[in-house]
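The next part holds the structures, each set out as structure tokens.
Shared between the two complexes below is chain A, which has chain B as its partner in the first and chain C in the second.
Right, the complex of A and B next:
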């Protein structure tokens, strides 16, 4: 996983999967850089092939953490169609701004 | 009167529908595709039905039986390839046209539902879903009494359980022995097949939920085909194997062949005796050992 702090934008990419194996690590690493007060957090899911409920839980934890910071925008970039389906099935697409570039 | 039904074999556009069985048996509003056709042809006067199956013919044979259920004599013929109408006529209708149903019901390729040739089933998931929606008002034939139309455009199986707080929006179909739990929203354009469960606060819109499928609480199935743990969006053709059973899973019992497999019996049988200390204690405290001939007949 790669985390880049580009000024006000925190970019997270190269996530091959978000599962019970790595979701706690993902959550902790992202939380560790949140005190830098980014105004935009972008999670690039273009390389993410598999997400399970633990991965969804990690994304939700991030959503809750950013919801406490007014004005922070949380974006999911380019999720694969099957990941988009999972977000829709769980209605989590309502929580995130999903962007295709 | 005789008739010949050709089962569709492989249809590359809809692989998910043939995952667990041949397309001829794919469930449509409580009945397999071939069942709808046999019933239709029996009502037209067919008494001898031959079914040509190139895909999993044994499964088709064991499901259909001898045809007594429809009042016909039924024969399932296994073929290596799906024949065209011309090939089927040349191979199987060698006794001329006498005694056969008039065309087009003499030889039928089951690519559509009876009376709906303009709605192909297997060209895409979208065409499949459109054909099912169009078929909904015709699905209740005099021979099918397991469902009724409780309100215009809302059909519910007689043994289905629908919570009073669930919302049903026409058109929708809830199959026999299906459960729709409190707060769930079914419809518009929703089909819940037999024995499926839609949990509380879930929503099913413009979607088909296959038989024996569990849809978890607060999930939203939209523009999709959901069957077991397989979810296919019919608009985008994207497919997903849902990873967590509390979201969606199959309720069907495991295949009998798997349960009865010798390896399972061999490994499984002594496991409880080995695993449970109470079993060992019970065996140890057995006061006498009975001779085999002293066991009373059951």
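Right, the complex of A and C next:
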């Protein structure tokens, strides 16, 4: 997993999977860089092959941690179709901007 | 192998360590397995996800020692369906029909919702030790069959090629059947081992459930009902079922000459396995319809040594039970093992019961040991002998003799109404009390009165009573004082007479009224002295013609034998022989006890010295204490 801080944008990428096994770790690492007050958080899911309910839970935790700060944009980049389906199924797409580029 | 594609199904079973990484790895392995079967990439994600979610739940909800138990993940691939199963060791949960989507702001609780959304059918089978979550997804029929099978490869085959493929497919199938039989053999070895260790003592629960899991796995079934023949052999009772709603009532078997109704009854009566498909069965009263209108499957008889033990019915609700040699073989092998197992188990239970019964008898006999005097007091110039025989292994009759001093003694005989261990326990209590009371009074009437006061409450509480005869004998004066609590008279030879007379005293049995007053009667013993105390089991002895031995016959016998000058031991042996001779082969239906006092002769001393007999507990034979 790679975390880059590009000014106001916090970019998280190279996540092979987000599951019960690594979601706690993901949460902790992202939380550690939140005090930098980014205005955009981009999670690049293009390399992510698998997400389970714990992974969704970790994404949700991130949403909650940033929800108090007005104006923070949460963006999920290029999720695979099956993962996008999962996000839609669980109505998580309401919380995130899903962006393809 | 390519020719087998359409008929093929493949299974994978993974037992994984109870931690999240292993659960995750199991889900990934199942994905790879399904990919190998040609399941398209876009479907694989949801299968992997469902296994992962179910596996996490299996770990997260396990409690206590069950946390150490390994969950199982299975995948079952057929050309028209993917079935995933996860076996957990949790307390289980109630699976709702259809979960609503959790609110987007909820952090947890998406797992089951995801599974139900991704799969066509989700079932949760709850067992006593483990549960199985079954998840099914039908595959579209027009999908290209399997990886490796090039589309169109079956076209344009020559007849010869088709034949060859058919032969190949048959041999592969036979190989698979062999492999599965071998696996069943292994299971049977485990079962047998379990039975030998006495671990599978609850057939209906542990064993039945374990069996179901294995049977499901091997046959791709989704329901199963094991019925065992009831003890009276007239009905088949459900011993194990895959779901509680299949735990139906007993199935009464037809009597001789009646037509069996229904598939299971027919299988039981003909002892022949039968396949069934309810979609083609016109009988609307078929009992198997409770499983589902489209159920298909196989019913096998459980037969051991030509005798019906039960039935095993197995199949699928959705009509998809594969009717192949393979299934036939596996279910038949299971049914065979189950029959053996059931018979083994019954033998085992019987053995345990017999062992327990034998132990109970041992205890009862130990009580009886305590009840009868091990030795009888021997007073200068007189002989004393007692005999006892019980209709059962333990009884309520007893006798006792207690030396007061060098010239006087107490003799007593009692009969506790009732038989078996409770009677023996009262007898033991009474014997102790008698000994205590005799130490404080020389008057038998007083002793019986005291005994009644002490025992009344206990005896009346259980509606029991005791008849007893207590005699104090002064050997010097030949004076005897007797009192009776509802007991039969004592017999003796008065001075100057040769024939026996009865001394009957009145008195209520002990335990009838709280404050009965007893009266003593006195009499003198003749020379030589002959005295017999007995219980009514002697006079009530019946022979094969139903005739009673009776008091008259007993008196006649004693008169004849007393004058013959036998020692106490000789007389006792003769009386025992006489009673048994009279009874012949008739059932003994009451306990017998007696106590004999005679005047000692020269030979008596020798008999006493050599007379240290051991107790012999045998039904229908008299038991004698040693002389001391």
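In the analysis below, the second predicted complex is superposed on the first by the 101 of 101 C-alpha atoms of A that agree within 3 Å, B and C clash if a C-alpha of one lies under 4 Å from a C-alpha of the other, contacts with A are read in each partner's own complex, and residues count from 1 in each chain.
Note that in this section a residue touches a chain if its C-beta (ideal position, glycine included) is under 8 Å from a C-beta of that chain, and two chains touch if they have at least 3 such contacts.
What you see is a predicted model, and the numbers here were worked out from it, not measured in a lab.
When the two structures are aligned on the shared chain, A:21 is found in touch with chain C, with no touch to chain B.
When the two complexes are overlaid on their common chain A, residue A:90 makes contact with chain B and with chain C alike. Judged by the touch definition given at the top, the superposed model places A:61 against chain C, while chain B stays out of reach. Looking at the superposition, the partner that touches the larger set of chain A residues, chain B or chain C, turns out to be C. Legend: residue contacts after superposition of the two complexes on their common chain; A:53 is shown touching both chain B and chain C. Contact with both chain B and chain C is seen for A:81 once the two complexes are overlaid on the shared chain. Looking at chain A, you'll find residues 50, 52-53, 81-82, 86, 89-91 touch chain B in one structure and chain C in the other.
Within the complex, the chain A residues that touch chain B are 50-53, 81-82, 84-86, 88-91. Against chain C, in their complex, chain A makes its touches with residues 19-21, 50, 52-54, 56-57, 60-61, 64, 80-83, 86, 89-92, 94-95. Across the complex, chain B meets chain A through its residues 218-222, 224, 231, 233, 236, 238-240, 242-244, 246-248. Those residues of chain C lying in contact with chain A across their complex are 20-21, 23-24, 28, 42, 45-46, 48-49, 52-53, 56, 101-108, 110-111, 113-114, 117.
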